[in-house]
Amino acid sequence: MADLITNISKLKLKNPVMTASGTFGFGTEYSDFIDLSKLGGIVVKGITPKPRQGNPYPRMVETASGMLNAVGLQNKGVDYFIEHIYPEISQYNTEIVVNINGGSIEEYCEVASKINNLDKVNAIELNISCPNVKQGGMLFGIHCPSAIAVTKAVRDVYNKTLIVKLSPNVTNIVEFAKAVEDNGADAVSLINTLLGMAINSRTRRPSLSTVTGGLSGPAIKPVALRMVWQVHKAVKIPVIGMGGIMNATDAIEFILAGASAIQIGTANFINPAITVEIVEGINDYLEQNKFKSISDLVGALEC
Amino acid sequence: MADLITNISKLKLKNPVMTASGTFGFGTEYSDFIDLSKLGGIVVKGITPKPRQGNPYPRMVETASGMLNAVGLQNKGVDYFIEHIYPEISQYNTEIVVNINGGSIEEYCEVASKINNLDKVNAIELNISCPNVKQGGMLFGIHCPSAIAVTKAVRDVYNKTLIVKLSPNVTNIVEFAKAVEDNGADAVSLINTLLGMAINSRTRRPSLSTVTGGLSGPAIKPVALRMVWQVHKAVKIPVIGMGGIMNATDAIEFILAGASAIQIGTANFINPAITVEIVEGINDYLEQNKFKSISDLVGALEC
Amino acid sequence: MKKLIDTLQVIDNKRLNKEFFVLLLQSDKQLPEILPGQFVQVKVEGSPRTFLRRPISVYDVDYSQQSISLLIKIAGDGTRQLSKLIPGEKLNIIYPLGNSFSKPSDNRLLLIGGGTGVAPLLFLGKYLRKQYNIVPEFLLGYRSKDLAIELEKFEEIGKTYITTEDGSLGHKGFVIHHPILFDEKKEINMIYTCGPEVMMKEVAKYANNKNIACEVSLENLMGCGIGACLCCVVDTIDNGNVNTCTEGPIFNTKQLKWQI
Amino acid sequence: MKKLIDTLQVIDNKRLNKEFFVLLLQSDKQLPEILPGQFVQVKVEGSPRTFLRRPISVYDVDYSQQSISLLIKIAGDGTRQLSKLIPGEKLNIIYPLGNSFSKPSDNRLLLIGGGTGVAPLLFLGKYLRKQYNIVPEFLLGYRSKDLAIELEKFEEIGKTYITTEDGSLGHKGFVIHHPILFDEKKEINMIYTCGPEVMMKEVAKYANNKNIACEVSLENLMGCGIGACLCCVVDTIDNGNVNTCTEGPIFNTKQLKWQI
């Protein structure tokens, strides 16, 4: 067994494989299929200050090697999370990361400071890149001063590991990564979904109730990999990579490009046991290629 | 037969189906497979002032439902084009559009003004979005003041139809579309390739000699469709849509989203006869759905 | 009920007509308990145009043979690919998924199905007989006679009324026009229905007017099928958006915000 | 030479060993003239992981049967999918593509192949005999005896020397180590070679030292195969980057900027 231990600032993962927010529920949905304690970490679905109904149906459509979603952060709110969900998931023997969202800086801070009090949550992922909500969400992730402001404000109220999740829908993602690094982020995670759209030519209507939605899956992998590589070269904090990872080979590509950890999203829908298979596949790769530790592989791409 | 005639400013196409620059050579490569005179237009591969060797091999890699390329505008220069290629392709009974490129505003203008003298070329496509060259190229397409400056300057030396080809690698493509519209563009075409990357986990090296390259094919269709829709709503000039169009249904989706004409790129590699099949498929759709004219379909999406 | 990922073997692929086929699949393990109304998420191999799994209702179960069958209509590329499976090939599924039709409080039941919507009703009918000793009646609607697939299987279970749009079999019209629904002497205590949404809404309206309890099986687009993606939601009276894949696919129409 | 898109029928799919198979394909039209060294671009159906066509050299042609055969090695998903084709199935190809091996000026020829690189050499050998009445000799290298596929076909054409890496057949070592290459009495006027790039470079170096003309068949990654995308380039002495798919795949090593 190679050494898979991965440190994301103060957050210590037993391996670099995490789940991506919004694709893994709260973990319980997958416990029939895998032993959750084998995962590096679970990023739970996006939490907002108040309950949200999300967007109307239809919320998803399949595209070539990918899918568009427009869930719109449906969730029962932070208080419900703390009261009803946290007690259950804090029992898992894996790191829980809470993906936090808001329509304003105050809202982000409200969620962050409430989560700050939870013993068993050692990190939050600040989602400034959700393309599926009208207020907040991606707006913070595509406007650098806003990204800075929200990072700073959340940093002030949150004192454990702060991961900022970046949007790929920008001209220069490096600018955002550096800006949040300079303003208190302990790590960045990328990419969130690409803004896309699908049309039904028979009905001549958009396939999603919201017209546009977020593109995920293998289709976006080349873009994600490029961004991880660019960001890794530019920042000192750890990078968590994701976007279209379907198997261990994909995961290794992200790690070579500079990701210290990776997240699995859409792939869970196709194979609910994929996360654990990827942990094993990474270990096999390390052993076959005589790497002692996963950290030897991070950014080991030869250009 | 429905009325397929399409006007892109003063450029009159017999149907909305064009070929995308860099994927159709100079047309001759496809004349064994299709009757070129059945096409609305042919956009020839990118031309620069001086001959260019392009990037080293390897220049392409397949990805999920797409491909990355890093050709880097290999071409024999504008003078060679005028002397050796133009005489041949000007015989075709279809519109020839020249895709022009440069490392500086002066270079763009040099090519544009030379092409301006060619009788049988009624339009140029100003490529400010090539991700595969170090100088110029996408730099003009991701920095709005540069996009404005090059459009203005080329407008001054070119008096037929000026199409500006936009880059998708920006936060807000609408801003660019409006800016070039305001500065003399007769039409916009979009999208060029998304900047992406691929890695070979076995060799631990990038798959392309240039590390990053341009992603095309069905993988990018949702992003392309979204951008065409956004731009169509925001500008008055015609929009030429492209990105992952593989069949007539895809083409119709782009037209519904607001494209007056469409371009076929990567699909030509898989089926060299696809362009003509798409012309026929669009006609069938119009007839089956009782549209008299293609113009009735442009932007007919019901949101 | 624990969900499984399992790779089953195709034992038979019976083509019923141009559109429909029945896959018989066998596991090398003992089957979990499967309830009527539940579905499986099928992984389609060998199609470049299908990426996500496809939800398909359970049409029949044979625990002794460790086999399940699926009644599938060719709707697009994924189901077309499935229609080409040959005995001996493998199919990966996740199952059993979703809730199930509820236990009836009475034995005067009508099971109304249209198109592939008949699939969960066959299994429900068998289950009702076996589990509760209730003999249900069926009202099944088709476009035409040649689409009235495996009718004998339904007739074996209980009295089966038929409508066809072209009148080639049974009563001419839609299910909702069948005389049995307007027979004053006929007592119906509960309706279970599955089929095209327009049909189910008509049935729901009928049931509502007559004050008959009505359960429908919804076919919302699904990303995961296991409650993780929140893509398959339906808006409910009490709980707002809930997952069709876990809270459904079976809903009492009183829960839904249908305009009926 | 006019290029065609054609859908051929699979007549036979012969599995030679774990890695190699030969597809025999028949057209319902008369075949165009195909020259040795040319290739086809194959569309792989039913694989979610192949999108672009796959270039494969022509292994043999039978004009009377309107058939061509392809010798294919399973390299990844696309070729694996092709290996599953069964007689009666269809395969869409674009062909004939590329240039061809040049006409020899002399009859003392050695055709050196390794792995799937033997494919264009079989066709070349047959062509040389038929067209020019030249009996070529082959030098073929394999990893081991069991990979020495369809050897008898080569032996039918001309004397065939073998090397295997493990020594299980012929001379032990790589082709470049075969004694025939160091036999002072052996006159070789021209070498045609196809195989792994490292092998071809060694052969080119040998030929260069001995002042023997040498033609190689390159296997650059291809986007289109018809000269449209400029992805498949190789750097040449006279013309800089040229398309392997149209100016090649056959090049005289003197044209290439190989360090030899």
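For reference, chains read A, B, C and D in written order, and residue numbers begin at 1 within each chain.
By definition in this document, a contact is a pair of C-beta atoms (placed from the backbone, for glycine too) under 8 Å apart; a residue touches a chain by one contact, two chains touch by 3 or more.
What you see is a predicted model, and the numbers here were worked out from it, not measured in a lab.
Centroids built from CA atoms put chain C at 36 Å from chain A. Averaged C-alpha coordinates give centres for chain A and chain D that are 47 Å from one another. Distance from the chain A centre to the chain B centre is 34 Å, each centre being the mean of its Cα atoms. Within chain A, residues 64-66, 217-218 each touch two or more of the remaining chains.
Annotation for chain D: residues touching 2 or more other chains are 48, 50-51. Interchain contacts close the chains into one ring where each touches exactly two others, per the touch definition above.
This structure has the following touching chain pairs: A-B, A-C, B-D, C-D. Per the touch definition, chain D reaches chain B in the complex via residues 2-5, 43, 48-53, 94, 220-235, 240-241. Interface of chain A with chain B (complex): residues 63-66, 68, 142, 169-172, 194-199, 201, 204-206, 211-212, 215, 217-223, 225-226, 229, 244, 249, 252-253, 256-257, 285, 300-303. Contact residues of chain B toward chain D in the complex are 22-25, 29-30, 32-33, 45, 53-54, 56-62, 64-67, 69, 71, 74, 217-218, 268-273. Across the complex, chain C is touched by residues 46-48, 50-51, 81 of chain D.
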